[in-house]
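Chains: A, B, C and D, in written order; residue numbering restarts at 1 for each.
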Amino acid sequence: MEMEEYRSEKLHEECGVFAVYDKSLQENVVADAYHALYALQHRGQESCGMAVNDDGVISYHRDLGLVNDVFTKDVMLSLPQHGKMALGHCRYAKAGIPRRSEAQPLVIRHIKGSMALGFNGALLNGSELRRKYELEGAIFHTGTDAEVIAYAITRHRLKCSSIEEAVSHAMDELEGAISLVVMSARKIIAARDRKGFRPLCLGRKGDAWIVASESCAIHSINGEFERDIRPGEIIVIDQDGVRSDESRCGGKSGLCVFEFVYFARPDSVVDGASVHVARRRAGAFLALEHPVQADVVIGAPDSGLDAALGFAQQSGIPYGIGFLKNKYIGRTFIQPDQKLRENTVRIKLNPIAATVKGKRVVLVDDSIVRGTTSKQIVQLLRDAGATEVHFRSSSPKFLYPCYFGTDVDSRENLIAVNHSTEEIEKIIGVDSLGFLSIEGVKKIAEGCGLDFCVGCFTGEYPVDCSKCENVKDKCECKLTDKNESEKA
Amino acid sequence: MEMEEYRSEKLHEECGVFAVYDKSLQENVVADAYHALYALQHRGQESCGMAVNDDGVISYHRDLGLVNDVFTKDVMLSLPQHGKMALGHCRYAKAGIPRRSEAQPLVIRHIKGSMALGFNGALLNGSELRRKYELEGAIFHTGTDAEVIAYAITRHRLKCSSIEEAVSHAMDELEGAISLVVMSARKIIAARDRKGFRPLCLGRKGDAWIVASESCAIHSINGEFERDIRPGEIIVIDQDGVRSDESRCGGKSGLCVFEFVYFARPDSVVDGASVHVARRRAGAFLALEHPVQADVVIGAPDSGLDAALGFAQQSGIPYGIGFLKNKYIGRTFIQPDQKLRENTVRIKLNPIAATVKGKRVVLVDDSIVRGTTSKQIVQLLRDAGATEVHFRSSSPKFLYPCYFGTDVDSRENLIAVNHSTEEIEKIIGVDSLGFLSIEGVKKIAEGCGLDFCVGCFTGEYPVDCSKCENVKDKCECKLTDKNESEKA
Amino acid sequence: MEMEEYRSEKLHEECGVFAVYDKSLQENVVADAYHALYALQHRGQESCGMAVNDDGVISYHRDLGLVNDVFTKDVMLSLPQHGKMALGHCRYAKAGIPRRSEAQPLVIRHIKGSMALGFNGALLNGSELRRKYELEGAIFHTGTDAEVIAYAITRHRLKCSSIEEAVSHAMDELEGAISLVVMSARKIIAARDRKGFRPLCLGRKGDAWIVASESCAIHSINGEFERDIRPGEIIVIDQDGVRSDESRCGGKSGLCVFEFVYFARPDSVVDGASVHVARRRAGAFLALEHPVQADVVIGAPDSGLDAALGFAQQSGIPYGIGFLKNKYIGRTFIQPDQKLRENTVRIKLNPIAATVKGKRVVLVDDSIVRGTTSKQIVQLLRDAGATEVHFRSSSPKFLYPCYFGTDVDSRENLIAVNHSTEEIEKIIGVDSLGFLSIEGVKKIAEGCGLDFCVGCFTGEYPVDCSKCENVKDKCECKLTDKNESEKA
Amino acid sequence: MEMEEYRSEKLHEECGVFAVYDKSLQENVVADAYHALYALQHRGQESCGMAVNDDGVISYHRDLGLVNDVFTKDVMLSLPQHGKMALGHCRYAKAGIPRRSEAQPLVIRHIKGSMALGFNGALLNGSELRRKYELEGAIFHTGTDAEVIAYAITRHRLKCSSIEEAVSHAMDELEGAISLVVMSARKIIAARDRKGFRPLCLGRKGDAWIVASESCAIHSINGEFERDIRPGEIIVIDQDGVRSDESRCGGKSGLCVFEFVYFARPDSVVDGASVHVARRRAGAFLALEHPVQADVVIGAPDSGLDAALGFAQQSGIPYGIGFLKNKYIGRTFIQPDQKLRENTVRIKLNPIAATVKGKRVVLVDDSIVRGTTSKQIVQLLRDAGATEVHFRSSSPKFLYPCYFGTDVDSRENLIAVNHSTEEIEKIIGVDSLGFLSIEGVKKIAEGCGLDFCVGCFTGEYPVDCSKCENVKDKCECKLTDKNESEKA
């Protein structure tokens, strides 16, 4: 359910990053970045961009809009066609009106030359560092964390002998969720924070090395997945190949579990676990935790489908295709008639009566945020003749803010903060309602070697969030592992 | 599989029509037509348009592009906001470059006033009538059948006392597949040819009457499906309500069976049969006709999913989600690198390795046209680790042309014309291959009271196609029921 | 003064036409038509189009907008690059909202093939003929005279052996102002009505023959002006060269005198007279008819400049540059602040204080229609320090409607209909005011062998206008030469 | 002659700036900035932008394109409607491809809040300062001088108690041509370098204060010109009105004389002298310096017209209108046919044969840069029948580079560097040729109290240009008044 009107309802990932270094110039790195951005588009749909490095000269283009809108034929032709490196980025802005000037990659010139930077995550100490740099005379063009990171690297670069050393020192200074790709005149550096909040992985395609937020981007350009970049690891790619600095690795990790539930693409494998399988397992656990007798199990398209299949297989209740999603509804869809506004969901999501009419229906969706959309979807099923509707959420209740790069709603809007399960049942109009347990959600990512951040469900975060001043008012952090916080 | 690159591979429906008459001005007919066009967009994606009748004055807008592109906010505001009638149309051009001037609805002025016209189908005697009218001094602005129909109606209107009478006489003169909606100053007339090649149905929403190609359009605007318009029936809607002329009804019908297999939307009910159920049944019959031992059944998105589910349920082999379709690939997707062109499918369709790796896979798709795309999809599964791939097509082999409004490829491009099943197996690289039988496909639409046209599979058509001069060279018509041909 | 806000104030010419026939394929006819349209753009700025004939196949493109907007690089590349003939047209719609479907050239298919048609003028019996054809079963897609003319030609073509013969008969049937260019599969035909209301001329460029509304279009593509097409003449251009039918020539003509005053481009020579010289002479006559003692003579840009120079030279008062016109104000200029609306002229027209401060100024403009703009311009001069402003109009007072292809305002809006010269002086705030006399305006086109239509000044027209039903209510025709009316 | 193809031929001014402070909120500052940008568009046509200050919060929009393209209705509505301050800028990029990210106003956040900055001029020590700041850890997003200036101000702001104090110190550090407007949360500061290379003036409109590059911008919004800002002066506008710091004023100034010859708008008054009068005087001096016997004097549109009038009045030879400039040629004009390329001028500039045929013509233009265009214009006159063509340039020969904000061509392209007057006569094909003398050009700006920079004619600049490293190779500075250089 990633549609327009759910914007306020669904969590949004904030970015996808991609980089390629093709030392033997066998690949068209611009084409690779272009295709990879399509594969990562689900991670950010407000703006996108690409920087190309042609023998040390960095050209770039970025704008608001989907890859499809931003990278027209003319734009593609205007980029260098024979570069050795490219860096791509897609973005969903955390707050406020999307600004073109905040699109990434950020491309700047500093003391040792040019640098492009793509960032996925969120800084805990962004405001603090911003203030510090401003006191030293820095000027900022945007309100983004990316610009803070650029300054952090630049400051260290003044004293370091290499860009990778500067990135290393910067990573020590920066706190929060950081999956970062930097392109300098001669190198690509990729870094992941010690907790590994956001995914980042390494691939190759012939002689070319690839860094991407998700493995699906590597496969989309016919590359091969090599391995995940470890929490705390810093990778340097240059003419000599790949080098790794693992000195910051180790300790308890905190990969965002919602990557498996909703954010990542089902065909990706994140830190060792298949996203599709994780969702099927979430559905299966749901069936075990919240059993029900019914005639058909359906998923809310698209993100509830995998979990619905898992629920059906575990429960033995037949899987059904309950909805058709209108794929022609685009960004410019308008509601000319105010009266029809409440029926918007009806235009976008079309129940298949043949599946649900006269049936007891289990409806599986990935989550309930505000409840408004869930209520509308349930109503569609009732109108199409479902006799019972049993709602199963493949994630636990959202109760706390996220400080690590998603736009979880303010607490007053989260339905589960203010209402019990029974009340929510009544509000959204279902016969029964079940949320996956926290224990359950922690087990879905079979094969994943990392620990998880489940802070939005529990309020307990892998690091100290007290520095998050701009969200302090609604913050209710219960520090879990203080001793492991980044700066400890 | 309705994606860009399959344009030459997939059959295309040629149009969707919609009209609404709201005598009590309770509805916003412009909003209704706009939403309904979204619901019918799958029937025609090259151009679309809308005509609005505000107290006898007809305004219109039409252009190349999707509803989303054509009906911008400014365009919507420029249309009359308080009309009683609206007529919408979306179109896929049969041949050649799409032309803006050929977008519908066609709006013309004739002797008794203005008229808007939306047409889905194809005339067998279009060229013949065109020549006849030209000999009488007619001028044509386009090469469309719609303009021929407009002339036919106008000619009769000179001698008739009402527009509906003129439409009746025109229907006697026109041959072929005709689902037609006409809007005059005071009435809406809907007509369907005697064979009922293309669907057309009636709905209502409060006091307003609705005519649409498919029931999904009625439901999308929260209307109620009333009934199908019968083959041969002519409906008149005006201030006094709905009147029907059924004098042309009766005799053997010939509804296009491919409407169930692929064209119509799964949530539509066409002439009494659910499209979704028909597709599931097609899958179930396939399982009976071409059984196989395997580990998972997957569908090619989106049109193979329903049949795959039917196959799985019949066979007992688990249903799986085998592909993720990239929903961000739009019309402007480009292939910057020639080398990558063969991998286009890889960008658009992403196999989920977790589903297919190490498995014997049954792949269900709606059809095989040229075979090129099927081959690529099969290869994707092999690359993702499938150990066996068994292809099942939920339609029989395409062997003959269609004269009734779809763009079935020229015979030399149809893989089944030139190759045996065994040869096709080798070409597309599968371990086994099965097509639904003609007997099977005729039974899928459970509850549908009509006979079917299966001419593209058998070469036997419900009417004499010998007049189809522009395709005569490749025509191999075997007349089946000459006595029932339209003009007999 | 052809700026945006003067739309309601200034008369508008309704069309420009152009055609080229290059038998030896030495020229790029698409490029020629493109450039010529730029040269004719002043004759019509609402829509434009081009049809290209490549070995009998006619392709075309037309749309709302300036040449600059409509003929993008992609459009240019989509047109045939090796055609022998091209026909271009630019248009200003007479009434109502501009419609894309009414853009020309009109391209139709009739009994003997395809035909493209470009028309400048206005039919007196358009409604009559339209009704007649409708009674014979014709349908109309637009409300344009061009479509009526296409029908007239087509009707005759049924009985004639050649397209030129059909055009000849049509010209006998059509009444009004007609400068027409027709492109058939093998020929270009150009025709001008017996009065010659609108200009039309012949040129050549190497082996290629050119027809254009004005000589400036011929010169802009480096061609040579050959001669004017005579009132009543019909020209045929084909592989054998140019043939002329002058059987309809002779009798009293009626060229629109306002072509010299305002419509035509100063660098054109129309029917033997230089437009620039005609305007200078208008200014000189004004000086003789309405002498004044002053310090500087300035023109209202751009159309008043030539006459101002003539006034200055005749009177001996120095010529000055009184205004700068802002050339960056485009179609999308907006007035965000309601309060500023009255100052719009101030943005677009900037007085040069150094020229007018402390001076007695003679301001020459081509006409006064409503008076609103004149008042604003005068105020600008006062604000810039002019001590006296003496307004001189190089045309007489507008008092009557025009039926021949210009959009002269309805009588109630014409300031001179309701006010005496003394009253107008007060309204627009000038110290003195003089209009060129009717005798004067008839003499400005030195060297022109034709008689003039001055109906908008006198109400006496060269033909009977009583058939002009759609303007009958405000018509006050005083028939002058009934015996010479087109159909007499 | 500011047309497209003269881009490489004509000098370009690099920017126009505008700011308004309306303490009583009587004006719509967004509307004012919008209109003022139209009035300043001639100073920069590649990009434009506007920043609005609504109670301390700065919003902005900027993009490549003309005001007409960039400030659409939607953009205008998206800006705050009730701000007290606005800052506008239009820009012509010095070198290379125009970049959207380099459009101004530059809006940044620094230690004390937000700041918007609009700059017209060029820094001599830009590279030097850039390097210095980078060594202190600064990062740059663009290659513009504006960003260097922002850093300079920010660095001083760390130690100063007010923004105006920081600007003052920055002005001491910056060298070159600087007309600068800064908008902080509560103030507008305007500063002009000690030489006053570029114009800057002060106006008012009711309670609102206005700063603009030229007085025409003030008049276009119906404001009143107050006075010029003095070379070296710094103005502060806030709630308390206007304060001035004149401590840097005095000493020899160096206003660019080419502002009078070509850059500024004729209706502007720059530092006390009317631009229109200056051009007329230039023409008059030309007549005195290079007399000739001829029949008519014409100007090359638009910038040669004023000087032509001056030449005519001084010499007694009649003034004529020799050319019509096609005002419909826009940015997207294309030359579809390679053969026609050399005739581009013919499309854009149309000689009026009636003026020049059989005449001895004096053609006045503002300058000759490469000579290519001059040659084409002369040929047009010959083709139109001129018997003699005498070219008069209202500026001296361009012989040296400009370091102060114009894009004078590289020396090897300047025709006068490599050819004598006699040679140029032959190259451009004229019967005689005369350039205004350097003494002459220094006298044209009657009433202007400043000294002039005529470095591009003489190679002698008002300040030491040796720091101009990026142009050092072609620099031939002859220092004139070292003791007065900015940092001395």
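Convention: a residue touches a chain if its C-beta (ideal position, glycine included) is under 8 Å from a C-beta of that chain, and two chains touch if they have at least 3 such contacts.
A quick note: this is a predicted structure, and the numbers were derived from the prediction, not measured.
Colleague: Where each step is a move between two chains that touch, what is the least number of such steps from subunit B to subunit D?
Modeller: Contact-graph shortest path, subunit B to subunit D, evaluates to 2.
Colleague: As a test of understanding: of all chains, whose mean C-alpha position lies farthest from that of subunit C?
Modeller: A
Colleague: Return the distance between the CA-based centres of subunit A and subunit D, expressed in whole Å.
Modeller: Each chain's C-alpha centroid was found; their separation is 48 Å.
Colleague: Using mean CA coordinates as chain centres, what's the gap between subunit A and subunit C in Å?
Modeller: 61
Colleague: Using mean CA coordinates as chain centres, what's the gap between subunit C and subunit D in Å?
Modeller: The separation of the two C-alpha centroids amounts to 38 Å.
Colleague: Using the touch rule from the top of the page, what residues of subunit C touch 2 or more other chains?
Modeller: Within subunit C, no residue touches at least two other chains.
Colleague: Specify the contact topology among the chains shown, as one of line, ring, star, complete or other.
Modeller: Contact pattern: a closed ring, each chain touching exactly two others.
Colleague: Going by the touch rule stated at the top, which chains touch which?
Modeller: A-B, A-D, B-C, C-D
Colleague: Quick check: in the complex, which residue numbers of subunit B touch subunit C?
Modeller: It comes out as residues 101, 106-111, 134-141, 143, 150-151, 154-155, 158.
Colleague: Considering the complex alone, what residue numbers of subunit D touch subunit C?
Modeller: My answer: residues 28, 30-31, 34-35, 38-39, 41-42, 45, 66-69, 71-73, 76, 216, 219-222, 265-267, 269, 274, 276-277, 302, 305-306, 309, 313, 318-321, 324, 326-337, 339-340, 343, 346-347, 350-355.
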